[in-house]
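Heads up, the next two complexes both have chain A, just with different partners, chain B and then chain C.
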Partner chain A sequence: MSQGDLLHVVTADDISQGRKLFGRAIVWASALIVVLVAAAQAAQQMGKVDFGFTTWRPTLYAYILWAVCLCWSQVLIRGEHGKRTLFVLPTALFVISLTVFPLLFGLVIAFSSWNLSSPLGRQFNGLDNVRQMWSDPFYWNALRNMVWYCLAILFEYAIAFGLALLLNAEIRARKFFRVAFLLPLMLSPVAVSWMIGKSMLELRFGPVARFARWLGWENPSFFGSPEIARLTIMLLDAWTFIPFMMIMILAGLQAIPRDLTEAAKVDGAGPWRSFWEVTFPLMLPVSVTAVLIRIIFKMKLADIVINLTAGGPGGATDTVTSFIFREYRDRSNVGYGTLLAMVYLVIIIIVMTILMKVADRFTRPRT
Partner chain B sequence: MTEAIFHDSEADRAYRAKWYLSRLVIYGLLILWAIVCLFPIYWTITTSFKMAPNVMQGALIPWVDYTPAWLGWRSLGLSPDTIGAESTVRDEFLKRFFNSAITSVVSSSLAVILGSLAAYGLSRFSYRFGYMRNSDISFFFLSQLILPPVVLALPFLVLYRELALLDTRIGLILLYTLTVLPIVIWIMRDQFASIPTELEEAALVDGMSIWGAFFGVILPIALPGMMAAFILSLVLTWNEYFFAALLTSTHANTLPVMVASQTGSQGINWWAMAALSFAAILPLVIIGIVLERYLIKGMTAGAVK
Partner chain C sequence: MRKEIYEHLVRVGATRRDVLKGAASMAAVAAASSAGMGALTRKASAQEDLRAQILQIPGVGKGSPTDADWQKVGELCLGGTKETVAEGEFAGVELTFMGLNNQNLHNFLFRGFLKPWEAYTGAKISWIDLAQADYNARLQQSIATGTVDFDILEMGAPFEGDTAGKGLLDEMPDWVAKLIDADDLVGYLKPPVGTWDGKTYRINIDGDCHTFAYRKDYFTDPAITAATGVTEPLKTWQQVNEWSKKIKGQKDPLTGLDAFGFLDPLKGWGGFGFYFLEDRATAYAKHPNDPAWLFDPDTMKPRVNNPAFVQAIQDVMDLIAAGAYPPDQINADPGTTAFQQFLAGTGGALTWWGDVGSNARTSDTSVVGDVAGFSILPGSDRVYNSKTGEWETPEGGNFAPNMAYIGWGIYVTSRVSGDEKKRKAAWSAAAHLGGKDLSLWTVAYPSGFQPYRQSHFNYDEWERAGYDRAYIENYLGSNLDSYNHPNAAIEPRIPGIFQYYSVAEDELSKGFAGQYKSAQETADAIAAAWEKITDQIGRENQIKLYKASLGL
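Up next is the complex of A and B:
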């Protein structure tokens, strides 16, 4: 955005020099307090002096004080303009202190061996974690699984599109169907993994297993072989998230002007051709957004896997998140897990950047 | 002369048949998918009223296949005969339930407040923080959506341990706010962009301050959008499991953690699990049915231009 303010406000601020000085003073004073408290705590941590701190909370409080002073000083120094900054500044501070700082801290942890339960504490171990990751077949396996899981999105997209078309047709009780189709999204994945994964797919008494036997599948087993287990997880995840894509596509369908489809009809296009040549191209931007958001959510897939298969059989259903979760739970090694997560983040950023570039080119109207 | 003068031609009748067929297919598919969506919920409700033999037989319809019993709800301490009595399980359940409710409501409200302010600022004024301009700041906020929880989880685990925030609700609330904030900003940015700036200009001419104009004029108009953002955040935070499982142990456990911890130990004790699962999903099922409009509004924000 290169243009100026959308909302022009002309203000005649009369800010005295003393007020400006006071504004600057509180920022620097509170910053000094943060540094002093942090230094005192660090000194105690290293065993030099004892101030009687039990936790790092004083530093946190000092930091919050500094943040409040920073916001206040904006108004003090810059008057009306400062009040505008106040719209964004608290959120920016909140996000920065909760992501950037932990991420930098995570980078430090990633290159160290740190077992939380051992008294040794953090030990810097250079590139050992990277080497361990390089030769960790389970991590690569989890990454490969993520590719499979993401490919399943294409099928989810097809089903979601079909359902959106159905809901967009002239039907009665549209509201009932819309609510019914939306409900799976409301359910917590943990409850779903019990409701469906543990009870409905139960081999002896579960209704789905009975149904499968009735269909002629002798010994239904949904988590036995690696391929079927992965497929089951995909289906469960699809079940919860198809409504999400469906709603987005439905909104897109409803935004298409009726004249266009009618014009196609007048021109003699059957429903099939008018779908492929009118509706589908018009839906491309919405579809791309829906699929991209879905990929982002898919990257976080873990709850169902953790609760249902714990990655088994043989790591066939592992996602990166569930793998790191178990890695931490079993060995409580924070360092290695953090490195794996960091590598995953880098991969995600690269993949999403490429996808967004491709999508951008793909959806731009061809002239 | 009773013969109809006007009658459908052969071609029209064929068309009618085709029309009925297409209706049949459409409704058939709709009902099929509705069953796929609703059956697990139905199954969970009915199972919570079953007893062991009913489960083994695979009974489906209450009063026909089996007689409902309060077994599952009794084990939660929520059946009619145990509701008055002391029950440790119920206390445990209620504690988890309120933990879930408090964390999700507080973090959603916080996210809506922070996110609306930021989205409003970004949609109305141009900022410069160092080299970052408006579009960069927006991108910075929205890019948090890509950040997988697992990247933050372990650093936060260590940080919270040092700050004594582990196993507290405040710790969870902070993280949850962070995770839903990008979605709120996404929705609210869309919402504010659709409100003409003339409204505030009029308010400013009338002598209101910029914050006064925001609270007095813009906020009431943007309320449906905020509601949508709030409901969507509520759904995401209520269902969150990963952070809760890592960062809480005894005091601040949320409902999903309780459900997950019961699944392993209960074995074939289905009725209790079904009652617990159903109690865990019930609030959101109600929200989904009653406030469906807002949910859809929230999910479609920014998707359709």
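Up next is the complex of A and C:
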């Protein structure tokens, strides 16, 4: 045992071989019970035998028994060290149970045909859902739209950076503006879609439509064509979430030591050069974090779309989430909807991993 | 009655004096009826007394009814229960009731009505309250996961396929049918609606259909009539389209803004938007000799891409191409066409449930007030015969009102089937809510339910209670013709019917946005998606259930 380990051990454990053996035995015995009970229930589910189970609770109870035995065995086998493990192990088991099991059940559902209206219930259908997805123009259309929506983040970022620079400057009523600019973020997107999308953009009496008419746009239409509808949704979403990026960038700007910019000034750098050579590179890690989190938010874009356009016109504003919402909720197509969500999850993970790798290389200090 | 209609009546239709007049006349009727009537008529007059009495609770113009009023009505209408159930007979019986808790009252009302019933019978009811938006998901999940945890269920007829079709409902005993006087129902609610394979499951508490609402001033305004040449209300969809195209460029006589003709909602509405394409299509597709019009009952082959439906889609596309709709119509759902457009003075006509008519006069935001007129849905000069594959031109045209959603009903689940006492208790409670007299109160006061019995259209009764006769006739008459129409188009009560509607909305949205080459291609895309849904739910089963729902 290393010196470091001994440092926090109060009692010297003298664990007998028999105790260790007992510890291992209860873990394996309880694990066997889990397997047996689960197998028996699975067999009943498949209609092979009837043990009289009415719910899956016996398997759950067996799993809890195994978890308790696992924790107990830590103390039996490893003594004082085992007790230290006990501080974490139950929580870890709980968290794993709540993430791994639903994920596994989700995967089972994803590869099933399960329409809630079907009297047949859930039926395993192999890769049929994947095939359906492959030839589903609505899903691909939604994915394509997501690319457009995500590209809009570049503009949102530029605006957020500009606003953050303004709020970081010595301007009057700075605190007021900081709070005022944050307000849109505090609004629920559902409220935004009703207050702005359905009221302010209302064509006859909405103030924005009136303003557009005053500017000379005879028949303003904010959702009439696919491009304009998509742009309107982008603007509404941007208005809500630019403050989020702005506040992150502002926090980053405030953390930049003043002497760096002052030193640049002393060295003769003008404002643009000072920004481009000093501020911007220093802000890269914060910027990347802000953009990545924003992308995650954007991937979940649904509420504004569902409320305002229901994905239309002709799918121009549809997002993956709003499409899954229709597939799952309006059409009770649980199996296919779950597969779409799973695939989307995988896409998000892959895209985010690539982006993080790229960002990591991009933000490494230039030497 | 819907709340806003009631509030309107309180504001304009019935002053306090009217109410007192109504009460006085009722007292006179009561006095006359008690003055030496024969034994044979005694029961009938007692019922009339009761009906007059409950219509005075709380009294038109005396504020919105409260829980105390609902209980009072429930208490007075216990006659049927007392005839069939002994006091305390259901002591120890516990029932669970699942229904809506939205602002239109529903469960709140049922609680009040059933409190005296619980006190008399000894049964106890616990409640599952659901928001309208959660209703479908909750019901479907309960069914799919085998966790039906309710004995009595408030449900719309379109869901009968999901419940009755799966053996989840209990058949209505004969004594209940007699108790609720099922013969009194309006035509379209009589079998096969409410029945499956000849068995009855449903106690009606509501009626629903789409009617045609139009602006009367569009047929008198000199400029508009000069442009359209139309001075009489429209009768067919062909006329509606021609009229809509010619209105373009005119000004609305009320608002002075641009005038528009018929308003089609071009955006989906969670499946409900498809009803509005159906409104156009039924005139072409619902042949008087064929009860089916949306699917072929022998194969479940969709008829949505037959020439009749294609014509309906084409009609809409023609109006889009002609620029006959307001800007942004592509993003207008039915709620928008009714409440933001028609009632606010945009557009000359639309189709909607009965309440757009009442809202026209009762809503504070409505400007169309007295210029709104109503009729059954327009018909067509020609009708498509699916059996022969030919268009026919019947004399006088073909009319087929769309009974969209059919209406709410009370059902008893098969959870109680094995326990005779509990079963009787559940049916007794359901019958209490669907009772003839109690229903008069629900259609006369805010409840969320529309008239659905022949006896609800007895205008004298309403007038004696203190209502404004002209208004009541106008409001009720617009529905009566549709309800009793011999060629009413009744939607298929098959499992997952809203799935079909929902996917159709998605495809129509693409078609209206010009992503398909033609109406036919749009309709074919819908049909293909419908075939997929049918296969997933189970074709053979759907055929069986569709036939059962049609009474074939």
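Everything below uses one rule, namely that the second predicted complex is superposed on the first by the 272 of 367 C-alpha atoms of A that agree within 3 Å, B and C clash if a C-alpha of one lies under 4 Å from a C-alpha of the other, contacts with A are read in each partner's own complex, and residues count from 1 in each chain.
The rule is short, and it goes like this: contacts are C-beta pairs under 8 Å (C-beta built on N, C-alpha and C of every residue); 3 or more make two chains touch, one makes a residue touch a chain.
Small disclaimer: the values here were computed from a predicted structure and weren't measured.
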item	value
Chain B versus chain C as contact partner of A:Leu183, first or second or both or neither	first
First (chain B), second (chain C), both or neither touched by A:Leu116	both
Partner chain(s) touched by A:Ser193 [first = chain B, second = chain C, both, neither]	first
Chain B versus chain C, judged by how many residues of chain A each one touches	B
Which superposed partner A:Gln17 touches (first chain B, second chain C, both, neither)	neither
Touching partner for A:Val320 - first (chain B), second (chain C), both, neither	first
Which superposed partner A:Asp330 touches (first chain B, second chain C, both, neither)	second
Where chain A meets both chain C and chain B, residue numbers	114, 116, 204, 334
Chain B residues touching chain A - in the complex, by the definition given at the top	26-27, 29-30, 33-34, 36-41, 43-44, 47, 55-58, 60, 114-115, 117-118, 120-127, 129, 133-135, 137, 140-141, 144-159, 161-164, 174-175, 177-178, 181, 185, 197, 200-201, 204, 209-211, 214, 235, 238-239, 241-242, 245-246, 255-257, 259-260, 263, 270, 273-274, 277, 280-281, 284-285, 287-289, 292, 295-296, 299-300, 302-305
Parts of chain A lying in touch with chain B, wherever the complex brings them together	1, 3-9, 54-57, 60, 80, 83-88, 90-92, 94-95, 98-99, 102-103, 105-106, 109, 114, 116, 162-163, 166-167, 169, 171, 175-196, 198-200, 204-207, 210, 239, 243-244, 247-248, 251-252, 255, 285-286, 289-290, 296, 299-300, 302-303, 306-307, 320-321, 324-325, 328, 334, 337-338, 341-342, 344-345, 348-349, 352
Residue numbers on chain C that touch chain A, as the complex places them	136-137, 140-141, 143-144, 161-162, 165-166, 257, 266-271, 326-331, 333, 340, 344, 346, 495-496, 498-499, 502-503, 505-506, 509-515, 533, 536-538, 541
In the complex with chain C, residue positions of chain A that touch it	113-121, 138, 202-204, 219-224, 226, 229, 308-316, 326, 329-334
